[in-house]
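Report on the following structure.
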Amino acid sequence: MKGVILSINPDGRVVDLTHGIPAGDIRAGAFALMAGYKFFPAGTIHVAVIDPGVGSARAAIVVETHQYIFIGPDNGVLSFTLKNETIRTVRRIENHALFAGPLSRTFHGRDLFAPVAAHLSTGVPLGKVGPKVSSFVELDFPSVAIRENGMSGEVIYIDAFGNALTNIPESLRRDIPALLHNLTVMLPSRRMVPVRDCYQSVPKGKAVAVFGSTGFLEIAVNGGTAARSLRLKIGSRIWIRSNE
Amino acid sequence: MKGVILSINPDGRVVDLTHGIPAGDIRAGAFALMAGYKFFPAGTIHVAVIDPGVGSARAAIVVETHQYIFIGPDNGVLSFTLKNETIRTVRRIENHALFAGPLSRTFHGRDLFAPVAAHLSTGVPLGKVGPKVSSFVELDFPSVAIRENGMSGEVIYIDAFGNALTNIPESLRRDIPALLHNLTVMLPSRRMVPVRDCYQSVPKGKAVAVFGSTGFLEIAVNGGTAARSLRLKIGSRIWIRSNE
Amino acid sequence: MKGVILSINPDGRVVDLTHGIPAGDIRAGAFALMAGYKFFPAGTIHVAVIDPGVGSARAAIVVETHQYIFIGPDNGVLSFTLKNETIRTVRRIENHALFAGPLSRTFHGRDLFAPVAAHLSTGVPLGKVGPKVSSFVELDFPSVAIRENGMSGEVIYIDAFGNALTNIPESLRRDIPALLHNLTVMLPSRRMVPVRDCYQSVPKGKAVAVFGSTGFLEIAVNGGTAARSLRLKIGSRIWIRSNE
């Protein structure tokens, strides 16, 4: 992909957001993009190729928002991010003149997404990629169930350190003042984990939950690998409540 | 290596082709280079340091072709690629003035290959690296055995998704029209795998073979990891035949 | 981190030194930085974020030396490198105006270290980051015990190939001429490993010790993975002696 991009735009800057998405895991890719995209400069073209359906009938899209352009297969990988963005236009990518030769059956990152991104970076107008469309595939972001004295959520991402990130956003603490202090998380194993302000607020080897850098509550083990040692995986249910 | 390159050529652009070659696997490195090099701009200097013989008597070479320069140990890592290229000159790297200080015993990528590449990128003439030589180490690319109703081949590379790439090139389909349609692959386990046009043409968890983005037939599992679940490894034999 | 850097300095060049440090392993990070930093151009800003104490009271520092600037948490990750450098000033990072928004609890690489590095790269004076301090956390580099006919040391790093790097520096060979020739290493298993000049100086699958590219003695297996097959890990003791 980088070779193709530099062949079209020798001055292009290319940054890898992550190499850590499990193969074909569209939801994990959608989460990683959502967590990282806004730290890039306005004008960045974000290319997200989690594409298990490559070669099938799934469409390829370009989405222009207020500050960015997003490119990827229309399988939902962009959808968590687009919930936070003001969308200007969505277009289906159909103009083969912008591709890098004939499409292979297995790697449209190289043949389609990278070259389209590179052409756009050189000033090719967005309208050249293909027709406007009115919708795109949206994945459900797992919802948080609010209860009288807390809420329940689930693990939605395992990061490179083995921390288990949940769908509980820190913003809820502002909305529900009762949740502000003295929180505890209960894991599926019924183990209780305190919510604290840093990983090292518990002894080495102990579990702790922290509202982390993605804006969501994550479950960690100080100096350890939470997902493995606490047997958490994507989809594991957790319950959070205030002890006040 | 990148620090050395930028010390010599502060404007150099460096792209990692892959971090996924098993340690010391010259054939896997040779395949990855062959599959990827031609997507880079003309003039690219390709540096391939799969170098288990570092510190031994193996030579270091620079090969100039019509569009590119290739640099690496003379152990065959360049040879699959060079079969597809028009070679202009091959030179043995001997000019210590182009090295980054004295050679260490274990990392000529840093001490020799990267600095020579960087010097060439700044305009140092190719003739400065060392004398012309008339040959270089060539690895045998595993040959395909053509039979009356098909062919036999072998697995030559496992990619980052666990797909098992074989030595069966798509070009053979053009040459042998009988092979064009309705193909089946037989694995060493005698399992039969259909040849289809995309990974998702079979149900999730099922095996499928696709002529993929490298130009070779690959064996995959839709949503899975073929090499592990089908017990395929480099060297595994496969048979392909037409059912027509 | 790269997005933040490019948002502040669009012309910044960013190079990853390694992705291979075990999570939270400050000593391994300190060793990798020490082994690699001096191959980068003078003026390079080195950012080292092995930061298990993120969010705790640990300080963040900037160290200016004769040729470089180093940025990281004050947990010792810079200390092996700084032993080899002439230090000009050490400053605690306190100026929130140079941060990328409010600090998260879990990722100061993104929120503090990367943006401070980017601002310095655009010419912001070092004095702006915060007050001078007189000391920083220094980790003990494991010492080599010199004996009559050799020395004892320990494994301090496992590299990406599984080679076990020790704390025995090649410089000792110059200082102790008796150690110059015909050396043997004894492993904890009492296995004897010869010191040779390249990995391939022993048959495939056999163990060998080489004074390697980091300047330290490393234990390898020709074509294999020494740490696993010889059961070496960080902290494993080794003994080295001359057979003359």
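Lettered A, B and C in written order, each chain numbered from 1.
Note that contacts are C-beta pairs under 8 Å (C-beta built on N, C-alpha and C of every residue); 3 or more make two chains touch, one makes a residue touch a chain.
Small disclaimer: the values here were computed from a predicted structure and weren't measured.
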item	value
Self-contact between copies subunit A and subunit C, residue sets same or different by half	different
Rotational angle, Cα trace of subunit A fitted to subunit B, multiple of 5°	120
For subunit A paired with subunit C, centre-to-centre distance based on mean C-alpha positions, whole Å	32
Residues of subunit C engaged with two or more neighbouring chains	19
Subunit B residues touching subunit C - in the complex, by the definition given at the top	2-4, 6-7, 10, 14, 19, 23-24, 52-56, 100, 104-107, 110-111
List of subunit B residues in touch with subunit A within their complex	13, 15, 17, 19, 36-37, 39-41, 44, 160-162, 197-201, 210-213, 218, 222-223, 225
